[in-house]
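Look at the two complexes coming up: chain A is in both, with chain B in one and chain C in the other.
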Partner chain A sequence: MTAATLEVTRPRRRPLGSAPLWLAAALLAAVSTVLSDRLPAWAVEYPRAWRLPIEPWISAAMKWLINDATFGLFTFQEFTRSISWLFNWLLEAAYGLLAQGFTFGKGEDALHIPHVSWIALIVVLVFFARRVGGRGLALFVAFCFLYLAVFGQWSSAMVTLASIVISVPFGVLAGLLVGIAAYRNAWVEKAVTPLLDLMQTVPVFAYLVPILFLFGFGPVAAMIATMIYAAPPMVRLTVLALRGVPEEIKEYGRMAGCSRHQHMWKVLVPAAKSGLLVGLNQVVMLSLNMVIIASMIGAGGLGFDVLHALRRLAIGEGLEAGIAITLLAIALDRLSQAAATRPPPAHGSVRDGSWLARNRLAVGALVLLLVSMAAGALVPAIAAYPEPWTVTTGKFWDEVVAWLNINLFDTITIVKTWLLVNLMLPVKEFMLALPWPVLLGLLAFAGWRLGGWRLALLPVALGAFILLTGNWEKAMITVYLCGLSVVIAAAIGIPLGIWAAGNRRRTGGTLAVIDTLQTLPSFVYLIPVIMLFSVGDFSAMIAVVAFALAPAVRYTVHGLNQVPEHLVEAGRAQGCSRRQMLWKIRMPLALPEIMLGINQTIMMALSMLVITALVGTRDLGQEVFTALAKADTGKGIVAGLCVAFIAITADRLIQAWSRRRKAQLGVA
Partner chain B sequence: MTVSTGPIKLACRGVWKLFGDHAARVLAETGGAPDDAALRGAGVIGAVRDATLDVHEGEIFIIMGLSGSGKSTLVRCLSRLIEPTAGEVLFEGRDLLKADERELMDIRRHKMGMVFQHFALLPHLSVLGNVAFPLEIQGVGRATRESRAAEMIELVGLKGREDYYPRELSGGQQQRVGIARSLAVGPDIWFLDEPFSALDPLIRREMQDEFLRLQSVLKKTIVFITHDFDEAIRLADRIAIMKDGAIIQTGTPEEVVTRPATPYVAEFTRDVPRAKVVSAGVLARPGSAGPVRVPAAARIGEVAARVFDEEQPVGVDGEDGASVGVLHRQDVLDILLGREPRR
Partner chain C sequence: MKNLIRTAVAAGALALAASAPAAAAAPESDEPIILTLHDWSGQYITTTIMGNVLKSMGYNVEYVQADYLAQFAGIETGDLTVAMELWDTTAAEALAASIATGNTIDLGETGMAAKEEWWYPIYMKELCPGLPDWQALNACAELFATPETGSKGRYLGGPVTWGGWDDERVEALNLDFEVIHAGTDAALFAELESAYQRKAPFLGWVYAPHWAPAKYEGEWVEFPPYSAECYNDPSVGLNPDMAYDCGKPSGLVRKAGWAGGEAVWPCAYQAIRAFRMDNATMGELVAEVDLEGVSVDDAVNAWMDANEATWQSWTACEG
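Presenting the complex of A and B:
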């Protein structure tokens, strides 16, 4: 090849030339922060006089809703009360069946029918598990429920299970119907999507307050909060699943002459079944995730036990109840997943025979449960696991904590203090000193580079809300805590992901661990953290990192594994070393996916931050939390929206970047 | 061919399907006949352009084109799965595009059947359930629809598999279910959208034979879509060839092969063995023949051996039984060698 052709084929400079621009922006931020003393005061600290009294407006609107709003025939309050009444009735029935038994009549002649026997319930669940998931799942389910019995968690677990049994079907049905409406009408989808974004990013605490006002303190309010929290993914997954039905099947439905109704219920919904069952699984998992938070507004059961133990710093008790929630969650997760992924029936299965023959398992289960209820009346040990047989490890854990405090206290304190002084405080001070016009400008610049003027306006508008409501400083503390946690989570998670993607065994093992970690309710992460580090920003950060680590790992593994095989082969054919293969071929291609993982990490970190308010942070999470304690609707909703807006800003920017990058790489 | 002269069952007149925001406007502004430049200028894609065709009762009408030629869009316009931007679709003489939702539903329930490339079977129903489904939609009682479905399943040779689920069947078997299902309502017009394209070559061949066997019994009016020219030649009574959304030639396989309308069509037909499409009637010349006679519709490939084996010239009979002439060995040889037939 001649010099001339080399000259021609040399790559041109990158067309965007954006690196210097970004550098200049970063420099501007740094300089303005250092020189913040010289800037006008209003630029550093948003003046109090410029705030809008949004909080009292919301509180007033809430009051109007409860006291004066009316639909003509009935008032708003009557409406909420009738909903309460319905759910309360259903819950009572479920409690009776699973936890308390039924009592008819009063006094001496009262007839008491005990609840479903623990033995019978375990037998039925194990049979079901065997059917949908094989022997392994059956053993696992047996183990989980025996733990509940042996560790004395049974009755609390049944209270929790009862509320799940009632709230999940309603959540699924509501999600399904809204999802169908959104699938059918573009305008419904347009209206619902931002609402879903908000429902999933506003911390749960924020809407606990209005729910408390509308439905009163108690299990019903807790259940409604759970449904609001758990239904959004069902809506999204319904739309996705219906869209995912092959175009030809949709066309076939029309060619067969289906009416709209037939087309939906006889063609689309059955064809989308596996996707819809994933939605069911999500609803179950999120409902269990809410168990502890729901106990703050009156749900009993395991959640209440954990919360109660945490408040008394009874680590051992909290841990046992926490594990009980986790096992319940994993068991229900595996059961619903197995049901979702179960292949459709094969020929020669249940078609023939009478109704009884086709449903003999279900009938058998029902008979067993009913008989056990009757038998429980005669032999108490059948109804409830006998108290003397229960075990507890509470003492052991309390001793462990005591030992840790005595022996490791100094070491832990040194590490903690060092990190606080050298890492956390400087970052915090920087964020607080960063003038708000500069930060908003930077975000707008990033938005403009990534997605045009619309994306530039979004962070400015959302940031303006935070400023106007006077939450800027708290928001910055949130950003600092969340940002640091995410950086640390990424620093641990991405290398872990790279390692796990190394071969199939490691991938399988790691993903199994991650799956399990993600089924832990967020509160459970607080238990060991409090054990080791007591309270404060540092503890919060550790809990957030632990909670938010999973997506960083998962998306890294996924990103690396989805690099097209032919590109990897091409690299190998050109003689890349393993290191070159990773850094020159797989990582660049996986980066957009990894960034989506970071995005998820941010979302999870923000949701965890609110919960870490329990260990004494001073950010927006604390604001939401105290609003709940004081039942201050306006304050709670505003602070909750601020958290959501931070989340939405981060989400939109990262998504835009990832989309662009994927398009550039042609791996969309 | 006789079938192509029967009454017209389905026809379309000047059908356009444009995709894009300003589709209707472009069409109006250009007086209903936009050219390439007008379409490109408006950012509109012309999936089907000014398509006109007649499908006669009882014929196999094949629409052939490469991917992106608009053949699938056209068949969806004919069944109104896609709403055409302009034009008429006449089914049994009435404009399908003017039918309201209720009427359309009725027509589809009772008069149309469609087979899809990827089978489009409902995964949650057994073979029996799938085939009975269109009847279930009509509200036919369980016993009636299941016995009708069982008949159809037997017709396509899947007897004994009634209880199987789609995922338990091979591709060829799944398409047999698709065929049985589309025939269950006894449709007047039968759409087949690349029905055998997703199958392996050997199975494809087998299914084509099966399809011809079924048609010899059922005598349906058929619109068949394919991208495979050999398949078109093999099955068609008439072929319409599409390119860039427009129909560039319509004719019998013989016409298309021997008199391609454009170089594009000629390119397709170049490798088609002439002996498979040229019929004896075309080659017949005046002369006196011996005792061996062949029908005019017979393909040269089928009768060549006899022409060379016989001492005396082989005679050709027209449809009415009268002689139309004899076959010359040189003519037959030319065809076998792939030369253009001498006139």
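Presenting the complex of A and C:
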């Protein structure tokens, strides 16, 4: 035990090799920036003439795909359109059931069957929650759905719910199948991994235009975009979870003579359940994250309400709709988790009795829902929550923001101006003045020190793409904005995580706040932020920090809490003070986890770019946003790839650093 | 059981159909007419009125949320049928390009006229007495300055996608201003609201018909009047070397639709062509919805009840 502690406190090698080399590299960057006027012009600003016309190539390829690509019997577009026809059919059914009812015939003479009653739906969901998760869950679900009814969000929430109910199972299933294929074949995994990186880091707006062309306008296109964004974690977690199944269980499956199919579905998948459930959680959360963006291209529902309210600067109304999204996300997540982890019924007990007796609850629920639909036709209050009973706190929040604005604006402006002049503008100017060959050289050096020549080549290749497409300056503004935001998020998030990690109650409370911050659509707090901080980089930075804070806190808590008990024990035996325990033992050991948290913070910060484009930044996010508005496929995809490449560079370098560090500490 | 329900439904539908007023022309097709919705209330109102009128004629109507400029791709393929508000000021180029494909047709003007220009709250006039004349702007530039813009004044322009040539205008007219682009309409008006609450300086892009000119008291800056030559020909206007040395054009708000729809729903297309609304009426409706919190449906229903003769006249189908 002492040996282990010794190794922790006094690593044999100095970390990261030779410090003088790093120092020299940093100096070179600083000097080259100061002297950038004396350098040849091409080194400071990449010449326009050296650009490659990649954007038109992509646009042309897309045009070909949409107009001419064919499988022989049918064209590519006919293929995608038939997919959207299928989804549309499912979605219509879900809409009809939950939100709109069914209409036969046309115009004003049509026959209308109302949708499922709000009362019946709440009753059924609460019973279901009671059954799978106990009383606590039942109360929580009742609270969430009553909120939707009482605050007048019911009908919009049902539109959102309908699309989630269809898209999540498909996303999970697709993710699971791809994950299984990747687990079975190494080459599938090799092919899929970079694709997943792109799916998660290319901003959604970048591929919306081609999706609109291929799948048509409307809720289906929004749903497909949601799936592309939300499914990758499911794939990753499936592979991880299947790998994590203990060798003994696999062995047992083989000994029992399972076929390949049985081995997968009866042994591996059930054994990997807890990992797969995290995947489910991520799909649900990310799908609801997309609600706002999806509503911009035709999904309607709560996302549209948020947008519409904020367009009118009805901040309170926007907040109420935003909270509805958060509650829906958390309720769906807890329900699906509980349903999936419910212990299987004892063997034999289920098979007794007739089919009716076994499925009493399901049949009861179905009858209740159907009866309520019929009753809703006679009594409107049964079908839809009566409007006079709704409550709103909208005015109150509007007044809170107005009060803050009138009374605190001047103070806020002083702080803002100081930060702008002393921190943000200098960093921005530095990034823009930094000659591109120097930055690429630095990245290559870092890659080489951390992971050998392959890691040195990667940033150079990705950076070359950004240069060749002429997006360097915008990429530097992106790096400046996200970089600063990440530093600030880490400066707030890591201490907060340290504070929360000590104590179970604090951990629970902090994580609940963090969850809310992450599922609450950022647009909701963006508008008050603009009112208080005006349009500009500062507002963008606040929005990014608020969203990217979550992983910094979460991974710090996680890292500190999972430090091996025997090492903590050893520290105590050595007579370490509390302070020494934290800084000499727990923090160094948690550092790799914390760095992964920073990695995720960077990813979150980059994924917020598209949202900050809405407040008028001039970075790659804006480029993507403009391309969307002009339906320019090539431009959007190129700018989206540039964002992804920044993310991938940061990710690979940090991962390599974290791996080395872990190896040095012997906690790999 | 299933058959029973189906029969009952069919019988019910028949009974209802039979009781329908015989005067209404039978719609030519069950295919839904898909109207696009954008994210500002005025467009929402216009579209809902048109949708209700089409429903009263017996058509199936659907609404789809679509991006203002990206929607043309959908209209050309027939995924979307009709766009009710295309402003000459922001969509003229995209509309012309779309019509050139042959798959989109102009469905005429809406009767509303778009006005957009640099705008300031009325209290700024006391601090900068020369307004609304644009030549007073430079003397007051410091008034509008912020730490980010240095000594230059700050003008909050619309999202980059709105175009508007403000950067060029600043250069051509030699204004000591920096154009900051708000990313969205919401961001633009959030800042206006914030400034107005504090009676702080504000100069930004405001347009009508919109709720803002109704809610906030203010005026548009008067630039040299717009002409097509001023935009196209550098030699025209005050600055002999540069174009855009004048104000923004005001323009009509048009409707457009999928060309193929003409054959599917001829009467519906006639009704859409006949749709007319003026700025004053629209301003009232938008104010009701955005400022008084009346729902779009309620506001539209109230208007339709009060103006039945007006919209009934659009539905007459000849031919």
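Convention: the second predicted complex is superposed on the first by the 619 of 668 C-alpha atoms of A that agree within 3 Å, B and C clash if a C-alpha of one lies under 4 Å from a C-alpha of the other, contacts with A are read in each partner's own complex, and residues count from 1 in each chain.
Operating definition for what follows: a contact is a pair of C-beta atoms (placed from the backbone, for glycine too) under 8 Å apart; a residue touches a chain by one contact, two chains touch by 3 or more.
Because the structure is a prediction, the values reported are computed rather than measured.
**Student:** Just chain B (first), just chain C (second), both, or neither: which does A:A29 touch?
**Tutor:** neither
**Student:** Regarding the shared-chain residue A:L582, is it in contact with chain B (first), chain C (second), both, or neither?
**Tutor:** Neither partner.
**Student:** Just checking: does A:V267 make contact with chain B only, chain C only, both, or neither of them? Give me first, second, both or neither.
**Tutor:** first
**Student:** Which holds for A:L240: it touches chain B only (first), chain C only (second), both, or neither?
**Tutor:** neither
**Student:** So which one touches more of the residues on chain A, chain B or chain C?
**Tutor:** C
**Student:** In the superposed arrangement, does A:E248 touch chain B (first), chain C (second), both or neither?
**Tutor:** first
**Student:** So, A:A93: does it touch chain B (first), chain C (second), both, or neither?
**Tutor:** A:A93 contacts neither chain B nor chain C.
**Student:** With the two complexes superposed on chain A, say which partner A:L65 touches: chain B (first), chain C (second), both, or neither.
**Tutor:** Touch partners of A:L65: none, neither chain B nor chain C.
**Student:** Under the definition above, what is the set of chain C residues touching chain A in their complex?
**Tutor:** Per the stated touch rule, the residues are 9-10, 12-13, 16-17, 19-20, 27, 30, 34, 36, 39-41, 44, 55-60, 64-74, 77, 79-80, 146-148, 156, 159-161, 180-191, 193-194, 197-198, 200, 211, 289-290, 293.
**Student:** Quick one: which bits of chain A touch chain C in the complex? Just the residue numbers, please.
**Tutor:** Within the complex, chain A touches chain C at residues 104-111, 113, 208-209, 212-213, 216-218, 295-300, 304, 307-308, 310-314, 402, 405-406, 409, 416-417, 420-421, 526-528, 530-532, 534-537, 612-618, 622, 625-626, 628-631.
**Student:** In their complex, what parts of chain B are in touch with chain A?
**Tutor:** Residues 76, 79, 81, 105-110, 112-114, 116-120, 122-126, 133-134, 136-138, 161, 163-165, 167-168, 191.
**Student:** Which of the residues in chain A come into contact with chain B in the complex?
**Tutor:** Contacts found on chain A: 246, 248-249, 251-252, 254-259, 262, 266-267, 270-271, 273, 343-348, 351.
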